[in-house]
Every structure is written in structure tokens, then in C-alpha cells.
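In what comes next, subunit A is part of two complexes: it sits with subunit B in the first one and with subunit C in the second one.
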Partner chain A sequence: MDPVSRRLLKELNDYQREAHNHPEIIELTPADDEDLTHWRATIAGLDQTPFQGGLWNLDVKIPHNYPMQPPTVKFITQICHPNVHFKTGEICLDLLKTAWSPAWTLKSTILAISLLLSNPEPSSPLNCDAANLLRCGDLVGYESMIRMYTQLFAMKMTEEDQ
Partner chain B sequence: MLKGFLRHKSIQPLTPPSPTLRASNMTSQEQNDWQPELTDEQILAFEQKIKDEEAEKIPLVCQKESIDALEKEFQDNKPFLEKVQKLKETNDELRKCRGDGNCFFRAFAFAWFESLMRNPHIFKAGVEKLKSTTELLLSGGFQELAFEDFYDVTLNQLEQIPDSDPDLLLVNFQTEEISNSIVMHLRFVTSAYLKIHSAEYEPFLIVESISIDQFCAQEVEAFGRESDHLQITALTKALDVPVEVLYLDGSSGDHVAVHEFWPDEASKGSRKALQLIYRPGHYDILYRKE
Partner chain C sequence: MGRSRSRPLSLTMKIKVNTWTVPAYWSWDVENEDVCGICQVAYDACCPTCTVPGDGCPLIWGECSHVFHMHCLIKWLNAPNSQEQCPMDRTPWKTAAAHS
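This part shows the complex of A and B:
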């Protein structure tokens, strides 16, 4: 087995063993059994945040020289967040680019993205409208906009249930 | 203000319009202000391309060659040339490493392994030291999952040394998977050592105003990132391997400056240090005259 697959299998086992410790990650798994270099993840919005109740799917692509190079992660489910591109789902997070360290794993990467939701960095925005609300201190406006888009895009399952 | 904000690197279209096209209907002032803007991905891809091109040129670790190669390299550069000529009195060979940003770690690792091959009496201590690094990494906050593959490869290579020969060592160091795993393990060891001894080393980072954790992630653990004093100091202490770095630069005088890195002051001079030669931005292995 090549070293990247070996590493990824270890990560998968590790995640499955520890999954109960990370309720914010709903799913983290290879997209299909044949190809270990393409994973999908689902994260849940944390309680007490405007993202509460939302579920977002992420697409995770792993480069051939992982973990020397970071995985490419983007949102599949549309999300309104200062550091995520509203249309493409691209994420602006230094750890996915310049601050990547091979000491990270897919699990810790997804956890960092989950943490980014409630800790936006409005000074390096991919979504200027969301960032501008924060930059001018309109927290009420910001949170209600997030809540609206969370309901629109990330709570489809509950709508179907109803 | 707004203009500056909108010009932020992350919100640009994927393909910047070609400068010549844009320039044609701009005033000269606009032309001066206008800069093609790239996304982070494009910048990273571009850097990677440069590294890949560099990689095509030479193996990760080369065959030994005569120090005359340096003379040739600097034949038109008097300050460098004078130093090389002086250096020839004490050193006769060097071994080049690929300039991919990992050259310090790779040169160090190869020189260290080679010294253990030549000096069987220190081999056992070297293996023990390497084995002790798993403890160091765990106390440095590393997850076993993240380092065990690199560690296994490194230990396996080191343990092979008594039954191996210099040619096989070189072949293994030229094999990307093996060579890069060793580089990665030494990067983690360096990082763990710095984190554990952060009180001693954090003051050196004040100028750059980043924490030791940030420094370790961005400058030490990051594959392909170049190394400086702090990394060398930490690694020599963590593995108890003395190193001398001979700095070849354009300063006046015909002597290369020698920076010595001793794991502890007491052992200074009691054993032979590995020798690396540094030219601005790059490390290679240097050999003393026998």
C-alpha cells in the first residue's frame, strides 16, 4: 500500500474510534471505497451560535503528497460566512494554505473549519457582505443574516421532515 | 480605504486579465497603480512549479564531488572565491543537496547517518537517541498518528546502517518517500524541542511577533520551508549531534565564518562536528581533508 493510503486508513480508524468525542463532526469518510484521496465530511453548527441547527457538507480532496501538502476543502452546502465564498464554497483559512503543517490530520482540519464558523476573521473576507456587517459592529444584523441562510440552505432535512 | 479592502487577495477572479490588454485603455497613472492580482492558490501553485523545476535539476542528495566545484561556481565572484580557496586548506570535498527548502534537514540527516556508518562506536547511541524522539514528540503535543510513519521510516533506515554501504545510503536518500520521511521526522523533532523549551527560544521570536507554536507550524513543520539558526540549534540539541556551519558570503576577508552548534558547552571539541556549508539560501554537506 502506498504511504498516503496507509496514512489515510490510519486517520479513518482514528476518527471512527474517537468519533463520539467530536459531536460537531457528523461524518468524515472516503467518498467511495475505491478512492481514498477523495473524502466527504458533514459538520453541524454549534449550539449558542447563529449556525445552530445547520448541517453542511464539505468536499475534501487529498493531494498525492499528503500530508506534506494540505487537503483542498470546500463547502458543498451553501453557507453564509465571512471567510467562505458564497458561490464556490472556497474557504479562506490559513491552515489550508500557508500555515499548513503535516502534523495536522483530516479530523483536526475539519475541526478547525468547524471552529472557524463561530470565530470568523472579517479582515480577510471571501464574503464581503457578511464581513462588512461584522466590521461595522452590526452583530444583530450579522447573526440574523447567518440564521436566515442557515435556515435556507443547511436545514433542508428538517424541512422535509416537517 | 474601500479600494484597499476590495483589493484584498482573496476576492479576485481566478484568471487575472492580461496586463497588456488592460494597459491599453488605462492612463499612465492607472498603469502604475495596477498590479496583476493572484489568488492564494495561484501563488502556491506558482511556488510549487518553481520548486518542481528546481527538483528536475539535481537529485535530493548528490554524489560527493571535489571542492573545486565551488571554485568553478564562484570563479567570477572574488569575495566568495577567496574564501573557497582558503577553505581548500582544510576541506576537500562536498556533497550537494537539492535546493528545495529542505536542504538543511536533508544535509544534516545524511551527514549524521554517514557519520554513524563511519564510526560504529557511536552508532548505538545514535539509535537510542532517535528512539527517544517518540517521547519528545508526544510531550511536544504531537499525535502519534501524525508522526509514526515518518518515524518508522527513519528508524528503519538508521537501523540498516551496520549492514549497509555508502552507495545504498545514497540511493535511499535519493528515494523521495524515504528521504522526505526522514526530513519530516527531523522537522517534527525540531519543532517538539522548540515547543518544550519555548521559554528559552520564544524571546528570539519577538521581532517577528509570532508565538513559538506559530513559528513551529509555519517555519519548522512546514515541508519545504528553509531553516535558520533556531532550527539548527534545536535539532543539534534534540539529537545530541554537533554541527558546524561554514558561512560562505560576500563579506570581506578570506576566511569563511564558522558557526558552531554544540548540544552542550561541556562536550565542545571532544568529538567531531558534522560540517555543512551555507551559501545564502542553501546548505550542502562539507567534508574535511582526511
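This part shows the complex of A and C:
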């Protein structure tokens, strides 16, 4: 078994042992048994946030020189968030680019994305409309827009999300 | 994960170990953590690209007190996005003087 697969298997075992500590991660698993370099994840919106009640699927691609290079993660389920591209699901998070370190794991990466939901960074937006509402201080408008799109896209799983 | 290694069935033999004597043992002198933060493999085992633990796959200590398999750290420092920083605390990596 190659070194990358060995590390990923270890991450899988570690995550499964501690999954109960991370209720915000609904699922984190290889997409199929034969290919450990492609995973899928599902995260839940936290209570007391406008994302509450939503479930988002993420696609996780692991490069051949992982963990020297970060995984590529994007949203499959559509989401309205200042740091996520509304159409492509691309995520703007320094951890996934310049701030990556091999000390991170897939689990901690997915947890960081889950935290990004309720801690947006409007100064580096991929969704300018959502970011602008925050930047001009319209929290009511921002939260009601998030709630609307959460209900629209993330409250029931469609077949293509699976 | 779906891959099994075929194994000759007739060659298994039961052995009962009555006593064993260890002439020597070794381990790296590392406090606390037991796995390399880069590859997540035990310090006393070798990095993922080596097969034999020991002097051929040594550890390296940083001035920041973090320890890694030397091969893992070199691979990381050569990665374009490492900025030559320690993977654990992002301070510029400085190798510690000989460990006592």
C-alpha cells in the first residue's frame, strides 16, 4: 500500500473512533472502497445560526502528495455564504491554500469548513452579494437570505446530492 | 479496504513461546507525543517511504521543540507551500543543536 493510502486509512480509523465527538460532521468517508483519494463529507449547520437545519455535501479530492499539499474541497450542495462560490461551490479558506500544514487532517479540515459557516470572512468574498450585506452591517438581511437559501437547497437531500 | 492478500493455507504452524530474552532494545528519546505530526506514524517506526526503522530513518528536533521523522520534514520544507515553517506552529523551522 502506498504511503498516501496508509495515512488516509489511519485518518479513517481515527475519525471513526472519535466520530461521536463531532456531531457537526454527519459523514466523512471514502467515496468508494477502491479509491482512497476521493472522499465525501456531509456537514450540518449549527444550531443558533442561520444555517441551522441544513445539511451540505462536500467533495474532497486528495492529491498524490498529500499531506504535503492540501486536499481540494468544494460544496456539492449549493450554499449561500460569503466565502463560497454560489455556482461552483469553491471555498475560499486560507487553510485550503497558503496556510495548509501536514499537521491538519481531513477531519480537522472539514471541522474548519464547518466553523467557517458561522464565521464568515467578508473581506475575501467569493459571493459578493452575501459579503456586501455583512460589510454594510445588514445582519437581519444577511441572516434571512442565508435562512432562505438553507431552506431552499439544504433542507432536503435530492438524489443528485447523494 | 477490499484488498486481501492470498495466503497459503497449509503452511500455518502453531508455535508456543515459552520464554524469550531481549538482548537489547532501542527507542528514540522523545517526550509526550508518540507519532510524527507529518505522517502520523510512530516515531519509533519509520517514515512512510522507508522500510526499516532506526538510524536509516532518524528523527529531527526543531528549536520550537517539535519533532518529526527527518525524511518527512525535508519533504515538507521542500514543498512550495511550506514557507519553511514548522508544520505545528508555523514558526520558521530551525533545527535544534545536537539532542542530548
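As a convention for this text, the second predicted complex is superposed on the first by the 156 of 162 C-alpha atoms of A that agree within 3 Å, B and C clash if a C-alpha of one lies under 4 Å from a C-alpha of the other, contacts with A are read in each partner's own complex, and residues count from 1 in each chain.
As a working rule, a residue touches a chain if its C-beta (ideal position, glycine included) is under 8 Å from a C-beta of that chain, and two chains touch if they have at least 3 such contacts.
Computed from a predicted structure; not experimentally measured.
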item	value
Superposed partners subunit B and subunit C on subunit A - clash or fit	clash
Partner chain(s) touched by A:P67 [first = subunit B, second = subunit C, both, neither]	both
Which of subunit B and subunit C A:P82 touches, first, second, both or neither	neither
Subunit B versus subunit C as contact partner of A:L36, first or second or both or neither	second
Contacts of A:R7 with subunit B and subunit C, given as first, second, both or neither	both
Contacts of A:P50 with subunit B and subunit C, given as first, second, both or neither	neither
First, second, both or neither for A:L126, with subunit B first and subunit C second	first
Subunit B versus subunit C as contact partner of A:C92, first or second or both or neither	first
Subunit B versus subunit C as contact partner of A:W100, first or second or both or neither	both
Set intersection of subunit A contacts, subunit C complex versus subunit B complex	3, 6-7, 10-11, 67-69, 97-98, 100-103, 105
Residues of subunit C that touch subunit A when the two form their complex	1-2, 37-41, 48-49, 72, 75-76, 79, 81-82, 85, 87-88, 90
In the complex with subunit C, residue positions of subunit A that touch it	3, 6-7, 9-11, 30, 33-34, 36, 65, 67-70, 97-98, 100-103, 105
Subunit B-facing residues of subunit A, complex	3, 6-7, 10-11, 14, 67-69, 92, 97-105, 124-126, 128
Complex contacts: residues of subunit B adjacent to subunit A	5-6, 8, 10-11, 40-41, 44, 142-143, 145-147, 149, 177, 180-181, 184, 187-188, 191, 214, 216-218, 221-224
